[in-house]
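In what follows, structures are represented as structure tokens.
In what comes next, chain A is part of two complexes: it sits with chain B in the first one and with chain C in the second one.
After this line comes the complex of A and B, so read on.
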């Protein structure tokens, strides 16, 4: 089994004195901002030259880092990355102010200039500055220290910084996706637990692949994953430490357990358990290992998901005659139906911002990924529809949703897609083979 | 024996024809008389025109009794099928399950794992719960037919174990099932 090299390798992110006093004062010019909800219609043109580099050992990394940042920002849909071949000014020192006129000429609104300093064989220093071309000022300047093999994460951290500075919201680029790697046709499908970076890089298997595994989810700590496995012949909830590879069966209940998810602070696990065919929702305190039953209805109750403040739970039940979404308090009281639209609603997931529920809905032979208001189920929006869409998962900032899509027929393959909350910017996540059941990690530390 | 009586009858007729008295004297042999038949006239066998039909033999040709294959053979199927989003048993399903329970009651050492399955027209987690429902419906019926519940384990595979890969009504109908998988004498399940 391959485990990713410890990512706790030090990343010193120092907001240090890279801010320069830019004497140019342009009071009439509003500072560059990117509208996160409407930015897609008019993506902000941004220039990202290859990072400056003075050592042959880091020549490739200086090009690759800029490429990763370009791809991150381009895929966000909020930015239009300008072709590096069109750049007029070739900076040789990022500590000098760029020639704004040169960048205005190619219509860039923002410029990212960076450099890599190889301090030793095992230590790089990465610096970047974000410039507002029309405002004529530096918006951000950060320095990171890391090991050379960790350059991708630094690139994602630079992307997150740029995103945050320009949109006002935290990014999601330095994060990972745990998912199910698939092979074989539908009647002979093999499924294997895997993990990759948010952009599809660094895919690695987390388990051998002998047993059926489904629905992995991250803990907020990003170190632990919960998933479902048939390792013992029946479905049971497992916990896996992805750093050490240590795994355990949660509780080892005599009944079938399913649909596990962590509480927002990671101290509890919520799941459903089937006794005598009837599935109900339970919550387990991971420290004391005490379990509390939250629903007692004789119908199917499954797919629970906590609100980000941990006080409420949204879940799936067919108590009303067909699968619909319900909310309840964290102790199981005050059950209210949330979904009232046409169709069958399943797999609710509470947004990290707290205001929305993402769901899967089947209607008229299609499966739709959508969102609705968490408080009252109102304002339903369908983001994407296909023969088989399911299992939404939120980006750490709640602006992007990933989901699984499976094709028709015996050879119908699974793939992972991302879409923005406004229903725009549908993109396939690059995976080395067929893939399903994505779960987004929180931002990495 | 039949041949022998006909033979005796023809001897009696010959005797009466030779008698002078008009009364017909019936010769009734109470005890069968054993006589040698004349040797058969051997004639060359005629060329067979039509192959004689094979003799129907009452010989069992199914799988060895007591095996998992035998269970499926005598029950008619090791699966029962469900309607869309349903877990109630049809009369057809009950007929199959009655035969399954008869077999299980006959082979008391066998244990059975009932796996609930769903078609692909549902999401993964809902289907796991629905599959558990289906498996349990089968277990409850088998128990009602006298099978000890301790011999029955239920599992759910949701939509993860389809037997038909196509995306059409016929395939979905096949994939909505509960599969009774018997294990006999330490044999592992296939």
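After this line comes the complex of A and C, so read on.
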């Protein structure tokens, strides 16, 4: 018995030893490791056929909706919408997988297939699916219900969904721009407060235009706008509810008030006020209407803008000899200079992502729109330069900037332009007339 | 336990003796080697091989002589079939066997003569540029057997891998992928190795960067230019995607 057990132990140890020696002597599974550090930045080719529909009353909407989505994505600069005439597959039902090979042939990387269902006279159901052509899978699928006259907003929401799925960041298509509509020459210019969709559609005047208005800014709720007006003979800060048209003067300050802007949570308003030639930064609690002075320097401090978390404020000041950008805590403490470059830095705006500050800079007879690091002012880059660029405002996702540009001469017209963070995709925003001083709303709810 | 030790000893001894026996019989003695006497010569004294030298300036040509052209007959004389005419045969003389000394003497003479005829023979030729001034992306005929897998993959992915330079901190959005490929270069399976890190991040652009990598890998497939003879080296790839400023 002992003998058999010893033999068993011996054989077992031999087997284990043999296994270990064999496994150790075998080469490891070969793996080739490659670093891929370079790619391309070309727009993603995407196919967006007209949405399917089964009712004559929705036929036009299905075409228009697809066009709005195409235009949204194309204007973002991140997508290249393929010509619908090149599409090989004509889908008749979005509930079946597309023929991926047909879409690969025309080099589409993504496909949006959608349809509109008329549920009742005043109710539409819009559905779409986003397909990954090379991966052969559905990336997203959503359904919206709305009234027929609201189809444009639904189209923008579809664009936002596609954008978010393919870039990882929120879109900005279902948003609005409040701006100053201008008419007349520079000597006798009429300025009216107006609003439009981010793509220039649906422009509307918000005020009559009898008085000079300037610097409109959206509240985070997207329902209220603050602006400056000389309606009472001196510049005062107003609040306007864009749905009801109700207006309100904020405070009854005897002095010049300028550059109002909401805090990120919409409970406060920050602005500058001039007393005896010295302009300082103030913050007002909108509920209690109490006002607190934040800067006391005997220099011109103006153009304040909150950081997205509400803890910091960026502003411009000439306390260093020329207008430069500074940051401070929300209570006015810990003032630090942010910009150190040549030229005059004005109109700073904190990015919704929190990482950058957009500004206007005048240097060598030109006005530049640029960005710099919010933490330390480093990484300054100029995005666009012209005879007169000014007033940057951020898209809700912090990837695009709007600004106004004015042409030379007495008849030089103002216009609104957009540009992306890399200084590419410079586009003019279509407006019916001259337009300036844009402010981008947050995404609509 | 009583018999364990002796049995173990016997078996170990058996293994050792058996091993020695096999080893002994498998070894063959070295063959006798013919010893050749050699003189040691300092090579640098004899050869003219030097580092890259500049090409000497061409000597000025004075009064270049006119080139005379002789008329070349275009047709063979009639009835003359050159190919069929047997050449004059030299008398077949058996060469006398040379001694080693004679052979070395004649070899030395021929080297001296060659050096006299062409003194620059040992100089390295200098081409238009002294140093390589262009990068050759690949060598060989690029037929799948000579292509370098790393260069091929990097070059291929440049066409498919989209870098979103507007994304927040885009240069830090590293995506590590393990890809198993078939012999034809098709993707058998694909796994994002730092998936947990990406999902845990508050930067949503990282997820989009991961998706861009997967799009790119699917779009560029099949990787059929990879050398099939080296399949074992690339059948499993670890690809680290991290864009730089140059993207």
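Methods note: the second predicted complex is superposed on the first by the 404 of 445 C-alpha atoms of A that agree within 3 Å, B and C clash if a C-alpha of one lies under 4 Å from a C-alpha of the other, contacts with A are read in each partner's own complex, and residues count from 1 in each chain.
The criterion applied here is as follows: contacts are C-beta pairs under 8 Å (C-beta built on N, C-alpha and C of every residue); 3 or more make two chains touch, one makes a residue touch a chain.
Since the structure is predicted, the reported quantities are computational estimates derived from the model, not experimental observations.
Trainee: Can A:169 be said to touch chain B (first), chain C (second), both, or neither?
Mentor: So A:169 only meets chain C here.
Trainee: Tell me which partner A:444 touches in the superposition: chain B (first), chain C (second), both or neither.
Mentor: After superposing on A, A:444 lies clear of both chain B and chain C.
Trainee: Quick one: is A:134 in contact with chain B, with chain C, with both, or with neither? Answer first, second, both or neither.
Mentor: So A:134 only meets chain C here.
Trainee: Is A:281 touching anything from chain B or chain C once the two structures are fitted on A? First, second, both or neither.
Mentor: The answer is neither, since A:281 touches no partner chain.
Trainee: Is A:33 contacted by the first partner chain B, the second partner chain C, both or neither?
Mentor: The answer is second: A:33 touches chain C but not chain B.
Trainee: Could you look at A:346 and tell me whether it touches chain B, chain C, both or neither (first, second, both, neither)?
Mentor: First partner only, chain B.
Trainee: Which partner, once the models are overlaid, touches more of chain A's residues, chain C or chain B?
Mentor: After superposing on chain A, more of chain A is contacted by B.
Trainee: Tell me the contact category for A:154 with respect to chain B and chain C: first, second, both or neither.
Mentor: neither
Trainee: Just chain B (first), just chain C (second), both, or neither: which does A:124 touch?
Mentor: Neither: A:124 stays clear of chain B and chain C.
Trainee: Under the contact definition given at the top, report the residues of chain A touching chain B in one complex and chain C in the other.
Mentor: Shared contact residues on chain A (touching chain B in one complex, chain C in the other): none at all.
Trainee: Can you name the residues of chain B that touch chain A in the complex?
Mentor: 85, 87, 113, 120-126, 128-130, 132-137, 139-140, 153-158, 160, 162-167
Trainee: If we count contacts the way the header does, which residues on chain A are in touch with chain B in the complex?
Mentor: Answer in residue numbers: 185-187, 189, 191, 212, 214-215, 228, 230, 233-235, 256, 258-259, 272, 274, 276-279, 300-303, 316, 322-323, 344, 346-347, 360, 362, 367, 387-388, 390-391, 406, 408-412, 437.
Trainee: For chain A, which residues are in contact with chain C within the complex?
Mentor: The touching residues are 2-3, 6-7, 10, 29-42, 44, 78, 109, 132, 134-135, 166-169, 353, 355, 398-399, 420-422.
Trainee: Over in the complex, which chain C residues touch chain A? Could you list them?
Mentor: Touch residues, chain C against chain A: 1-4, 7-8, 11, 149-150, 153-154, 157-169, 178, 203-209, 211, 214-216, 218-219, 232-244, 246-247.
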